[in-house]
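Each of the next two complexes has subunit A plus one other chain: subunit B in the first, subunit C in the second.
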Partner chain A sequence: MDVLNALVAFANFVLVPATAYGAQLALGALGVTLIYGILRFSNFAHGDTMAFGAMVTILVTWSIPLVFAWLQFNFPTLLFPIADWVLSPFGVAGGPLPTALLALPVGILVTALLLLGTDRVIYGFYRQQRAKPVVLVIVSMGVMFMMNGLVRFVIGPDDQRFADGARFIVSAREFKAMTGLREGLAFKTSQGITIVTAVIVVAALFWFLNRTRTGKSMRAYSDNEDLALLSGINPERVVAITWIIVAALATVAGVLYGLDKSFKPFTYFQLLLPIFASAIVGGLGSPVGAIVGGFVIAFSEVTVTYAWKKVLGYLMPEALEPSGLVQLLSTDYKFAVSFVILVIVLLFRPTGIFAGKTG
Partner chain B sequence: MSVSLKNTLLFALVFGLILATGIFQSWNVALGIFNMGLISAIMALGVNMQWGYAGLFNIGVMGFVALGGLAAVLVGMPPVGEAWAAGGLRVILGLVLGALTIVAAILAWARLPHGRMRALAVLAILVVGFLTYRWVFDPGVVAVEKVNPAGTGYLGGLGLPVLVAWPVGGLLAAGAAWLIGKTALGLRSDYLAIATLGIAEIIISVLKNEDWLSRGVKNVVGVPRPVPYEIDLQKSEGFVARMQAWGFDPVTASSIAVKLAYAGFFVVVLLALIWLAEMALKSPWGRMMRAIRDNEVAAEAMGKDVTARHLQIFVLGSAVCGLAGAMMTTLDGQLTPGTYQPLRFTFLVWVMVIVGGSGNNLGAVLGGFLIWFLWVQVEPLGRWLMDVITLGLPDGSWLKGHLLESAAHMRLLTMGLILVLVLRFSPRGLIPER
Partner chain C sequence: MKHLLLGSAALISLAGAAMAGSHSEDIKIGVILGYTGPIESLTPQMADGAELAMKEVTDSGKLMGGAKVTPVRADSTCVDAGAATAAAERLVTADGVKAIMGADCSGVTGAILQNVARPNGIVMISPSATSPALSTAEDDGLFFRTSPSDARQGVVMTEVLMEAGINEVAVTYTNNDYGKGLADSFQAAFEAAGGSVTISAAHEDGKADYSAEVGALASAGGDRLVVAGYVDQGGSGIVRAALDSGAFDTFHFPDGMISDKLVENFGSEIDGSSGQHPSPSDELATRFTDLVGGAFDATSPFVPESYDAAALIMLAMQAAGSSDSADFAGKIMDVANAPGEPIQSGELAKALEILADGGDIDYVGATGVELIGPGEAAGTYRVVGFENGEEVTAGRK
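For the complex of A and B:
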């Protein structure tokens, strides 16, 4: 029984949160790694792109009830029942799913437009000039400033909560009643949605990259630009598609993180470090690496900063029970964990786990 | 137009802007901008050494600046005797043990024969070392933080004159930079960038959470100053009489006098640094640095030790940032770890260097003054702009309130815009490298 309790406590405090966080990091790192593979620079504006996508989604989420009321008022006969049926599984109409999922496509669309616009106005020039990658990195710093300012300008620097619908798939109390164990296992809706969405998005991305003609041309372009150009691949098209995919990944990652924790522009900026750490640990430019890296970083962050007292208390004989919290590092130092893993990987395997690009 | 005339005009323009602030707004604000401009210029000099001379991409400026600030506390504040008696030795011993563990692990890794035994030995050293370190260190910290937590709760400093802290701040930053450089230099430039970004965040979290060291988010206030306090000047009869004789209000005059005194110190440091940096750039060493930056392979073929030179300049540039950090904490009179934000202390300095002209020391200084001036003045400008835009909207409308409230965030947008515009239309900056 004690072993089971220990397992449940472990799953509740480490396994589930770290899996959800890892999925969020993996989605963010995929965006960074795609830009690195195709456009060949480290995009420092990625954290703020996530914030922008999440912000648009939040604004749309907030306006859905208004649209709903407007439909009810103006089209009570045909359109309103359809809208009612579409909305019914979502929080706004009392369903279990967060309304933000419904707003997500709009968020992706607006973010994609923003990124394509940024590319047209800002990055495109440097591509034509064949500028060194580091110039593009500095340009992305400027874009980061502007996006950061834009997000704060529109929605303000404060916390925004936009998660609605059911809070738990299984709450700790239900779990205890169900199993009769002393420990509860809470499974939040946001965590479930994060994992499911991440799996769908990643599967779609890999299908696209490996099976479709456009995806193959993207990989060819990433592997060898000159050869790809010689075989007639249109670089501008590849770049545009990359930005659209990156917009989708960033928005999904941003919204999932916001649903799971809460939305605050500055937190997204701070996510830059673990996201880059994930991408580099996995090997910059390698999509599989980005996913593995995301989970490596998330699991190490959570295990190192978790207080193991409870789990060990179940496993050890009473005499040996730990007196302290058995916490290796306080949660305030979670950045240190991503950093140390990054340094260790770079020292022993400088191209990352899945040997990414070297140039 | 000759180069020197253009440069003189640019500097005249920036100082003219600051003077105009003095005439139209207040001399207090103008001098405040000038003082922080001096410090910003020093930070920009440090980043310019790394980026402009050597092409190193350091985005951890904030961490080095904060370390300088910590130096001001550790040197300038009086020691807290009671805390030292309670647990000071334990804390120090714990830190020494922690450092010894890491050194022992590195030595074991380097000296032992390859194989599984080596990995196990290193792991064992790390685990045992970590447990001993926590066992010695934690009770000490608890004891120190218990001593009058509202007033002190930390070990205090050495109680030396605060001017000593400035070079010490440089040394602290240099030490941290050496550690990072040793591990991350020689890898790709993006990796150095991420490594510095990470170390800066770690330094800030240490300052925020290690209360025994820096009082954490409770802040250290009343860091001693190298100049008199305003209130003492206002009490001094000689000062009041002289200011009244000159027709100034003694209260305003006292704060201006203090700011001028700070400016005096800062100008001396800045001029000395510019002179040193220029001499270094002109020397064979500076030529070698630029040769390495422009073509690492060729420089290496000529027998230059690229990684060692990179480490050298990385440490030097970071030391300059640390010095600036110590000066800033001295100017503020307090260390507030919560206020260190990467956008303000890392990326803004980068904007200064790029806009001013990377590779040119005068350019970095100009960028420091200009961008700091804009950083301060864009906010009232944005507010004014929003006032004009919202003129037609009815009072109390939601949109008007939101726009006015958001005016404060205009400065980030403006800085990004300036950076992007300069990179597009004048990529070498206002004063390009010669």
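For the complex of A and C:
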């Protein structure tokens, strides 16, 4: 029984939250790594792209009940029952899933338009000039500040809550009642959705990159730009598709993160750091690396600073029970942990775990 | 003859007043608060509070013969000492402010005090910096605050928790001067009263994920989790993660967490929690709310303190008959404390008149100002409880 308690405590405070956080970081890092691999620069605006996508999704989520009411009023016979059926699994109609998932495609669409617009107006210019990657990095910082302002201008700097539907698949209290254990295990709907969505999105991305003609042309463009041009690949098309995929990844990551925690523009800006750490640890330019990097960073942040007192308390005989917290590092240092991993990787494997591009 | 004499005397005095009017100053007062950063949802109302007092004084036309007071806003960012110092420096050197109402967070307040206020000899009154460290900081008699030090809040918190029969708590604090100062003063007071603190762990604001912090806090355990953070920032993130993982059901919230946002974010999930924040008596609060009259949220934290900070600056100027910091710094304690005629919020015109006639005032203001020790408010705290998703007043200390 004590072993089970220890396992549950570990799962509740380490395994489940770190997996969900890792999935969010992985999705963010995938976007960064795609841009790095194909467009050849580090996109500092990625965190704010996530914020923008999440913001559009939130605004659409809020307007869904209005559309619903309008349909009910104007088309009570045919369209309304269809809408009712479509909406029934979602929070707005009392279902368990967050309504934001329904709004997600619109969010992706608007974000894709924004990114394509930015590319046409800003990045395209520098591409034509054949500007050095470092110039593009600085340009992306400028874009970052613009998006930063845009998001705050539209939705404000405050926290926004848009999660609805069922909060928990299993709550800590239900779990305790169900199993009779002393420790509870909470599994949030948002965590479940995050993990499932991340798996689907990653699978779709890999299928696209490895199996479709467009995906192959993107990889070819990434491997050798000149050779790809010679074999007749249209660079503008590759760039446009990259931005659309990045918009989808960023919006999904932003919305999942917002559902799991909360939406606040400032936090998305701060997310940039762990996302870049994940992408670099995994190997910039390598999609597999981005996913592994995301989980390495998330798990290292949580496990190294975890106080093992509770878990050990269950496992050890009473006489040996620890009196201290049995904490390797205080939580103050959790960011140091990611940086140490980053430094070690850069020292011994400068291209990252999965040998991405170097420059 | 007598009539002529009286008449000319009246004329001269009128002319005198007119002359004074034409020579009246335009006094600039800096309002330096974190309009961006961790407490950006509190600061607009705080600035409105301070500017309300300035408008009241300007409209009365009684400050040093009709001086006009103009607020100049600058961004302290709450967290970036470098940016705050630069902003304050600009206020003093470029805008020529005579005094500073601010800053807000303890860290940037200390930085501005040492790098700008002292070298330039400018008075600053903070409405919200509560770090105990500021009580002992070198200030050349230039620094005051209308909020109490957290050394006092630590004692009040201990009393609230002990009365609720709780003597084992976990503490998490935002990793800055405010959080660290409050956590330390609370821990000292709580342990002196026989309680025990299982863990005192810092959290960074604005971070992506708080699972690690909550994991450590849950492992250490305790009857209640004390969250000495900011409601707009990591504080809410910690509470969210602690509730979701079932680590803690009830919390204790110091002043940085008490806001409408808290109830909005968590509703009935935090029922049974407690908290406290510096707040005047109901009478003073009602009076101030009526004065504001819905122009902005008068009950938001530190809004009345901001009104009082600005009012004290202007009343001290009147008492000294000068807008020069070196002249009026010494008058701030005089106008804030007894003896003298008690002055409520909205009575600044009356206070200016009494001071102009050479009388004494005892500024009560919106928060019942009573400055003690090195020029900080003694402070009354409103004890807060949470029931059925509502914030309720559970008493005063």
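Assume the second predicted complex is superposed on the first by the 351 of 359 C-alpha atoms of A that agree within 3 Å, B and C clash if a C-alpha of one lies under 4 Å from a C-alpha of the other, contacts with A are read in each partner's own complex, and residues count from 1 in each chain.
Definition applied: a contact is a pair of C-beta atoms (placed from the backbone, for glycine too) under 8 Å apart; a residue touches a chain by one contact, two chains touch by 3 or more.
Keep in mind that this is a model prediction, so the values were computed, not measured.
For the composite obtained by overlaying on subunit A, subunit B and subunit C cannot both be accommodated without a clash.
In the overlay built on the shared chain, the residue A:F13 is in contact with subunit C alone; subunit B does not reach it. In the superposed model, A:F335 lies in contact with both subunit B and subunit C.
Within the superposed three-chain model, A:R173 lies in touch with subunit C and out of touch with subunit B [touch as defined at top].
Of the two partner chains placed by the overlay, only subunit B lies in contact with A:P350; subunit C stays clear of it.
Once the two complexes are overlaid on the shared chain, A:F276 sits against subunit B while remaining clear of subunit C. In the superposition on chain A, A:R127 makes contact with neither subunit B nor subunit C. Contacts of A:A186 after superposition on the shared chain: subunit C is touched, whereas subunit B is not. When the two complexes are overlaid on their common chain A, residue A:Y257 makes contact with subunit C while staying clear of subunit B.
In the superposition on chain A, contact is made by A:K309 with subunit C only, not with subunit B.
Superposing the two complexes on chain A places one region of subunit C into the space of subunit B, and among 114-122, 222-230, 240-248 or 276-284 that region is 114-122.
Shared contact residues of subunit A with subunit B and subunit C: 157, 270, 330, 332, 335.
The part of subunit B that touches subunit A in the complex is made up of residues 55, 57, 130, 183-184, 187-191, 193-195, 197-199, 201-202, 205, 208-209, 342-343, 347, 350-351, 354, 405-406, 409-417, 419-420, 423-424, 427.
Those residues of subunit A whose C-beta lies close enough to touch subunit B in the complex are 42, 122, 125, 134-135, 137-139, 141-150, 152-154, 156-157, 269-270, 272-273, 276-277, 280, 284, 328, 330, 332-333, 335-336, 338-339, 342-343, 346-347, 350, 358. Every residue of subunit C that touches subunit A in the complex is listed here, in rising order: 36, 40-41, 175, 199, 201-204, 206-209, 211-216, 218-221, 232, 236-237, 240-241, 244-247, 261, 264-265. On the subunit A side of its complex with subunit C, the touching residues are 9, 12-14, 17-18, 21, 24, 157-159, 161, 167-168, 171-173, 176, 184, 186, 188, 257, 261-262, 264, 266-267, 270-271, 274, 298, 301-302, 305-311, 325, 327, 330-332, 334-335.
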